[in-house]
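Let me give you the structure first, and then I'll get to my questions.
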Amino acid sequence: MQIRTDLAIEMKEVFEESRNSTSINGVEVENKEFEDCKITIVEIKTDEGSQIMNKDKGKYITIESKLMRYDDEESREKMIEYVKNELINIFGTDKHKTTLIIGLGNWNITPDALGPKTVSKTLITRHIFKSYHKDYDDDFSEVAGLSPGVMGITGIETGEIVKSLVDIIHPDRVIAIDALASRRMDRVNSTIQISTSGITPGKGVGNARMTLNKENLGVDVIAIGVPTVVDAATLTTDVLEIAIDNLIQQSNENDSFYNLLKNIKDDEKYQLIKESLDPYDKNLIVTPKDIDEEIENAAIIISEALNRTLHPGRI
Amino acid sequence: MQIRTDLAIEMKEVFEESRNSTSINGVEVENKEFEDCKITIVEIKTDEGSQIMNKDKGKYITIESKLMRYDDEESREKMIEYVKNELINIFGTDKHKTTLIIGLGNWNITPDALGPKTVSKTLITRHIFKSYHKDYDDDFSEVAGLSPGVMGITGIETGEIVKSLVDIIHPDRVIAIDALASRRMDRVNSTIQISTSGITPGKGVGNARMTLNKENLGVDVIAIGVPTVVDAATLTTDVLEIAIDNLIQQSNENDSFYNLLKNIKDDEKYQLIKESLDPYDKNLIVTPKDIDEEIENAAIIISEALNRTLHPGRI
Amino acid sequence: MQIRTDLAIEMKEVFEESRNSTSINGVEVENKEFEDCKITIVEIKTDEGSQIMNKDKGKYITIESKLMRYDDEESREKMIEYVKNELINIFGTDKHKTTLIIGLGNWNITPDALGPKTVSKTLITRHIFKSYHKDYDDDFSEVAGLSPGVMGITGIETGEIVKSLVDIIHPDRVIAIDALASRRMDRVNSTIQISTSGITPGKGVGNARMTLNKENLGVDVIAIGVPTVVDAATLTTDVLEIAIDNLIQQSNENDSFYNLLKNIKDDEKYQLIKESLDPYDKNLIVTPKDIDEEIENAAIIISEALNRTLHPGRI
Amino acid sequence: MQIRTDLAIEMKEVFEESRNSTSINGVEVENKEFEDCKITIVEIKTDEGSQIMNKDKGKYITIESKLMRYDDEESREKMIEYVKNELINIFGTDKHKTTLIIGLGNWNITPDALGPKTVSKTLITRHIFKSYHKDYDDDFSEVAGLSPGVMGITGIETGEIVKSLVDIIHPDRVIAIDALASRRMDRVNSTIQISTSGITPGKGVGNARMTLNKENLGVDVIAIGVPTVVDAATLTTDVLEIAIDNLIQQSNENDSFYNLLKNIKDDEKYQLIKESLDPYDKNLIVTPKDIDEEIENAAIIISEALNRTLHPGRI
């Protein structure tokens, strides 16, 4: 499967399109519909489901809403509350727990800067707890944070850096924020995925590294991501598919060509396009022009939802 | 013609592809080939040529080189000299002339920030000439500069702002720097176009405004641009075209479908793709991931070539 | 008088200290005290008052409040309303009036970037009025904006650029935003001065240029400024003064030295200090360490107060 | 001793001023004078010397040159070579050694951003050595890097983060880059201190933390710093001292006041000034206005000197 996406709901779509089926063994789906927001919870429960979805077992909550595209206070406030509610479902409200927040991605590349931007806006409190020798506070919980930068910046595997931090500060959980790749432009900067199954830094850019998950870090890992790009090959594949469907509808079933078209495999189409985009394919991305503002808005929403969840006493 | 490009050599390519012809009435072409650089000079001499090319009369010098993609000193130095030589061909070496440099585009949007970035790196000297009451210097010429920002930032037509500056400082020429759109990814950030026919701010983003040219400003206008994006609809059109060509080659001339494919018009394909990209089409751009660094490099090359041309005495 | 300050209330203080008097001919003062804010309105009514104060005739409204130093929503909201109320007192609520907002100062130097930052956050509407051919709207007024950059960046007098813009767009008033110098650290980033007498770009940095005022531009000019620095010579002069006062109190009236100290003139002290700071004095500034955040906060407060005053229908 | 300085040569000056002596037990000094640069090597050899100097034992190399203030290529090139030569004296040229470069300080505060800026310009190679399973290269050495951010950003002691990185990647040495405080404005941004005795993050801002040194990290630690600020209390103390010296010279030895002045202790003066600056003293800094450009220039010089020392084969 060559469609590049980090979203569980898109893996499910891809599977369903190829099988003309809407249920996957070992995968449970729950939908919540609101006036201005749609929340889909995909839970991968079995190894079979994991293999089909090409995703680790765990919960994947997708919050989709056009509210993320508007920059007024009211829309933002609504989004923050939607995200906060889902975070509380996962985190609970135990203020004794300590958290390490990791901003993944490269702050020098706008669409990859979501993680560092979000961490910089999240209230860090661990040093204050340490200064006052407190273990517990009614209004705030203990939070540390780091945006290590990608491997090209540090020369060190991000997973190794995070592991070593976990070993010295012993948090109860790690929250990792990252920019994701989507298959569809209409999900870019209007979707937030929260998952309990960990995250692999650099997976989106084709350099898979040590996964940040409970197995590797020894503590719960919650990943929060927003798709900020579609890669150019994925976009053109999807556009080509629509175009070919249109051609098929215009053609005659008795033509040999009709069958030729019918038999073009997804993989072949993708290969064809990749070749025509070569030698840039790996680094060619499609983004909205105002990506800077959209990333900023997404970082505000996620950091504020985290602040309200982790620090309930903060005004 | 719906292919979006600001490059004269691409308009020529488009024309040639559609006509299977390599000469256009009223358009003269000169090529210079170097080991690591290709320079094409397209001169549109007649109204007919102008109409066919959908470009104003004048010279369009295109410098294409992979050297722009490398960030070592040596490659950069070579590019600066190629650009400087073409600028001297246009400007001459008369140090009595005064210049107003305008950085077009929006500094908040990375791929649109080339103009402001370049102006900020160009040596501005007019205030020093004024302070010392000099009209002329052996080593430097008189240069003023402004990056007004796009109309969404100022509320004022950029052309009006430039016109009013020309009226108060009376330069001998205006140099306008802008980011351009190309049709092909392989020209992005590896091509510099210098033209003597003026430039229309915002044309690239579909909001054509008052053209900066001799007719409107009363002085020579030299435009320098680098293609920094391909719009997503243009990219997918080109990819689709290659894909359809491949399908035609695989099909049988006797099929009715073969003819269907043959008859698909470029415009229809483009329309089809635009619709499938909708509602994002206007703002969807394709860029390399490291666009920030590539823009910075292009700004260094152009500003340094300008500095060497305008201020020959500068070390 | 060598104390460097752009604040009318500080000129008044300096005068009063040197004369031991609290009233100045031709200068009227009104005070408003709030729980968390102090507003002083100094009106210079006569040429004599103008000469004594070394300031042009007009109103100088100074809003002083520690609220500016806090970055919570509530403090900010209060400050915005204080500023808005004073702006409405000056501007009235006539939505037919068109405004040109000018951001003075150099965006590359943090404490000088207040003007450009504020303009970038103010809602610009002129192009929308032009597109829809509207002269008037119930909710918004027509606003254009530009941050030209200082003379070292453009090579052109800022006053000339503003004059030429006024001539092409004919606004009813110009609002100029600038960073100011104060005499006292405790006013830095906690004071906003609004004045009706115009402003001279670069005055703060010792390069006085063409003043932006009604005489030169032909329209009302309202200047809004925040002191963001104290120059090092001014700070040390003031500290030295306090130290000498303390020494005098510890000394004996019969000592000849007591009289020596008593007779030291402000100018001598300042000269002494200037020499000891030489050769850096012109460029040495004292700022709080977190100047970046404080400037950002001041820009939010002023831009939002302007938005609410000029665009009453904006949510 | 309340004079705030991170420079060993200034601690020596302070000592000498107070003792009227130019030699300190256990401290050796070597001077190298060049046409445009002065290099002082202070070596603290004994515990007594360490106590007097209030600095750990080790070498402190101070490179002072006005060349750092100029932004032309030639001056920069000279500075890079001066720094490189001192680095080679310390590092040697063994390309088998692996290095971890740490950028200390807060990237959000301009004068504190030297460390992160320098690391971002230094060539990081460790991941490439790992990818190609190389231990050794003729042209490059293995370098990793991180700018963790200050404790207010991470909630974690910087020393703990660095220790944990050292434990996972086992470098042969740590190079820590930081912004320093000086006592004299004329050293700001024109001095580079290289020391072999480690560095304490946050010491400059009054929050001393775990020292990065061989004792704590288990590997050699080389600190490279540039004074980027003078704190306001230190500056005014020094100015006050000069002023009082001048007053003493003007006074009569028989006055009781003469003796009063003579007896004022440094501490009292400093206390006096601190009180008059209160409540801002801790955060009030004095900087040149163009601090942004000067920091950028210093980061280029240090990173390029490091690149040439660590990666001799780099063009």
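Note that the chains are named A, B, C and D in the order they appear, and that numbering of residues resets to 1 at the start of each chain.
Methods note: a contact is a pair of C-beta atoms (placed from the backbone, for glycine too) under 8 Å apart; a residue touches a chain by one contact, two chains touch by 3 or more.
Computed from a prediction, not measured in an experiment: that's the story for all the values here.
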Longest centre-to-centre distance from chain C, chain (CA-based): A
Chain C onto chain D, rotation angle from CA fit, given as a multiple of 5 degrees: 180
Centroid spacing, where centroids are CA-atom means, of chain A and chain B in whole angstrom: 36
Euclidean distance of C-alpha centroids - chain A vs chain D, Å: 42
Computed distance of Cα centres, chain D from chain B, in Å: 46
Of all residues in chain D, the ones touching two or more other chains: none
Chain D partner contacts - residues on chain A that touch it in the complex: 120, 124-128, 142-149, 151-157, 160-161, 163-165, 167-169
Residue ranges of chain A touching chain B (in the complex, touch as defined): 108-112, 185-186, 205, 232, 235-236, 238-240, 242-243, 246-247, 250-252, 255-258, 260-261, 269, 272-273, 276-277, 280, 283-293
